[in-house]
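Below are two complexes that have subunit A in common, paired first with subunit B and then with subunit C.
The block that comes next holds the complex of A and B.
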């Protein structure tokens, strides 16, 4: 990998840390420890389920919010502050800038998820007093959440490469919502006929399928997940990310920055 | 004091005063606002709509709805309510959101099935809930047991109970008592011994303290029901022989050669009324008894005994 990409990625990570993004870990820790302690008193027989469900949902939502709100500003902020011109006046290609920004944001989210995962397992140990073998499924769910982040980051960057931060946030969040209904969209497509069916099917395949990456409930109920699913989801997320990043690069390469 | 320090002090004082005022006002508002409007409101009653609105985080939503169900039932139960209008919809939403949330079926059936004030008095909906649970968790024998239990205890539908226990006994790793239950249902469905066996099995097989306490309370009530039935039979024998009921318990004990002075599970003597009825010393101690209560007696919400 080009050292220039690594440098941009590292600086993006450093900037996110300097922007106090990792402070969300405090809110996460409070949320999870509160749930672990209090749920047993207000509900019946779901302490473990709540810790896993709440923990993984919070990891996912916190990460998505961070991915969207940082991702949308990655390009536009550099343009507004005019720092982009300084960067591009050096021997840095535009695509390297986009890829570096993506890797920096993804790295931030991976670090964030790592600390949150420690919190989830800590809370689990608190309520269950021990770990069991099926708890490893939580790692699979966390891995899928990270794959979700890669897709969201790439989409946020894609929108950021041609739109304003506000519109980029709207687009990215809308795609997250629509992607959560991807299975339903495909179901609707099968109910239609003719050209509508083609359009609906194309739309269903174009939006990111976040429902396939959401295995939180399965992990909470310790339902086994096959290695095929892990492999296919990994490939899907990587291809989708490359697709969105390629789009971002194509747009950014042609963008008039004067 | 410098100007910035003065500003800080004033702002801090305003913050503290405002916060205290907000807390006090909210406490007052809570007192004057009718509680039922909050508890009875189910803003989205469609389980499918709630599932869609959860954006794929339906596991967490199910936990939230289950907690809400427990709180709803707890509040209504504590208030000695006779109606639980939102209980079944809440359970339906919970189990649609997460069809594998087994506690919602197990506890939900025991909330729905018993007659008020012990439960919602909706055994048919409890059965529907349990059947939905079995459909999505066919390898969980506990759900068959709970369904059979509702058929037996609430509907007195012994053939259905026997069939469900029989089906449950075929589930891999089912407890051996499922087969015994099926046989017992067929042979001695309405006996005290069968009911005692069911509650004992519930007590032994559950790790949940609430379920165990409930089972223990029902076992105590069964003992009272059986004692009262036997004592009333003895009174009837005495009356048939002597032409009038016994005037005291001592007379009954002596005439019918009872093995000692009959006492309830708490050790208090049973009372013989002038018209020959048997009553427990304090019916409030046995919230699930069906016999031995004074005429027109209205039981309070159950209080559980923790010791064996």
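The block that comes next holds the complex of A and C.
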């Protein structure tokens, strides 16, 4: 990998840290510790279920919000503020800039998720007093959440490469919502006929399938997940991310920076 | 000495599509042919909106030309590696304001391929050179406009480039800062570097440039050495003598005389120069100076701006202009 990508990624990470993005961890910690104490007092036998469900959902939502709101500004902010001029006037290829920006944001989210994961396990220990083997499923769920972030980051970056931040946020958030119901959309497609079926099927397969990556409930209920699911979701997320990033690169390579 | 062209612009042009529903073309730059020799300070002059920044952005690969090509330091301008030998200061630069100047320059040094072992030293050197001292730990968001301009100049020369592009380098600087930047540009020239800078401040261009080009409404209106553009194109000389007396013989020579304090300044045709000296000698008047009357760069600039496109084109075809393609 080109060292310039690493430098750009590191600078993107540094920007997120200095813009106090990681301060969301404080809100997360307050939410989770409050929930753990509250749940510990009112629940009987389902404390673990509630804490895992709540914790992983919070990890996902906090990360999605960060991915969208930072992702949409990754390129457009650099163009608006003209910071891009002094970067692209150096031996930096446009695709290196896009990939570096993506990795920087992805790195920020991985670090953020790491600390949130510690919070989830801490809350779990508080309510259950010990860890059990099925708790490892939480790690799988967290991994899938990170895959979800990669897709969202790449989509936000794609929209950011040709659209305004506001529209990019609307597009990315809409795709997240639709993608969360991708399985339902596929089910709906099978119930229709003719042109509607074609359209619904195409839409169902085009939107990112976030419902396949959402195993929070399964992890909370300690339902086993096969290695084929991990492999399949990994390949799917990587494929989708690479496609979205390629789109972002193709658009950005042709863009005039007025 | 045979020098290589640092920049060869071969018909670069840019047309933007404007309008929301019904797009219509708007030409920002007409086909531009220009050559900048290695080691010279070249001024790219024009009023606001003339096409200076568009040209610079095209050379930097930030904007794609509609047609044409260019060569920089002997290589295709689209070659990314050539940028390691180029420095660029954009107009009114804005940087990552969460960084300190040291961090910013270190980052740009990394992107430009400055070796890690030399980076710290280079950063300190250029900060010193642009007069940014005692700013360790201060984020750029706390910098004044003039300090940001200096940081911008520092990043442009950080990696010791052979060719430096400055877009309005004096913008935001106080008189002392402008003087320092002028000195810096002259030092860069002495180091053998080529400096290409755009400005609409003509005194800066006149003081610094070996050659200038004038652009207006996206069209090149003239190119040439500053001495040529400001030479005695009117074929007149200026005679200055002591006192307030204006001899009748001087008037007879067709001199336009103006008394200023205890001197008289007269402008007369160049072929009357010897007769004027004789006339003053006869009247026992003390001659102070006699110099060819030079057109100021400003006068030339205004003249070129007032020339309509068609006139420029016609004059260019007849070979009367100072070379549209050099």
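Everything that follows uses one rule, which is that the second predicted complex is superposed on the first by the 254 of 258 C-alpha atoms of A that agree within 3 Å, B and C clash if a C-alpha of one lies under 4 Å from a C-alpha of the other, contacts with A are read in each partner's own complex, and residues count from 1 in each chain.
We adopt the following convention: a residue touches a chain if its C-beta (ideal position, glycine included) is under 8 Å from a C-beta of that chain, and two chains touch if they have at least 3 such contacts.
Computed from a predicted model, the values in this text were never measured in an experiment.
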{"item": "Clash-or-fit label for the pair subunit B, subunit C on subunit A", "value": "fit"}
{"item": "Touching partner for A:181 - first (subunit B), second (subunit C), both, neither", "value": "first"}
{"item": "Partner chain in contact with A:19 - subunit B first, subunit C second, else both or neither", "value": "second"}
{"item": "Which of subunit B and subunit C A:49 touches, first, second, both or neither", "value": "first"}
{"item": "Which of subunit B and subunit C A:221 touches, first, second, both or neither", "value": "first"}
{"item": "Partner chain(s) touched by A:60 [first = subunit B, second = subunit C, both, neither]", "value": "first"}
{"item": "Inter-centroid angle subunit B-subunit A-subunit C after superposition on A [Cα, multiple of 10°]", "value": "150"}
{"item": "Subunit B and subunit C, minimum CA distance [Å, superposed model]", "value": "22"}
{"item": "Contact residues common to both interfaces of subunit A (with subunit B and with subunit C)", "value": "none"}
{"item": "Residues of subunit A that touch subunit C when the two form their complex", "value": "3-4, 7-8, 11, 14-15, 18-19, 81-93, 254, 256-258"}
{"item": "In the complex with subunit B, residue positions of subunit A that touch it", "value": "39, 42-46, 49-50, 52-54, 57, 60-61, 177, 180-181, 184, 210-211, 214, 216-217, 220-221, 223"}
{"item": "For the subunit C and subunit A complex, residues of the former touching the latter", "value": "16, 57, 60-64, 80-81, 83-84, 86, 88, 90, 92-96, 98-99, 107-108, 110-113, 152, 155, 165"}
{"item": "For the subunit B and subunit A complex, residues of the former touching the latter", "value": "52, 55-60, 62-63, 66-67, 70-71, 98, 100-101, 103, 106-107, 208, 210"}
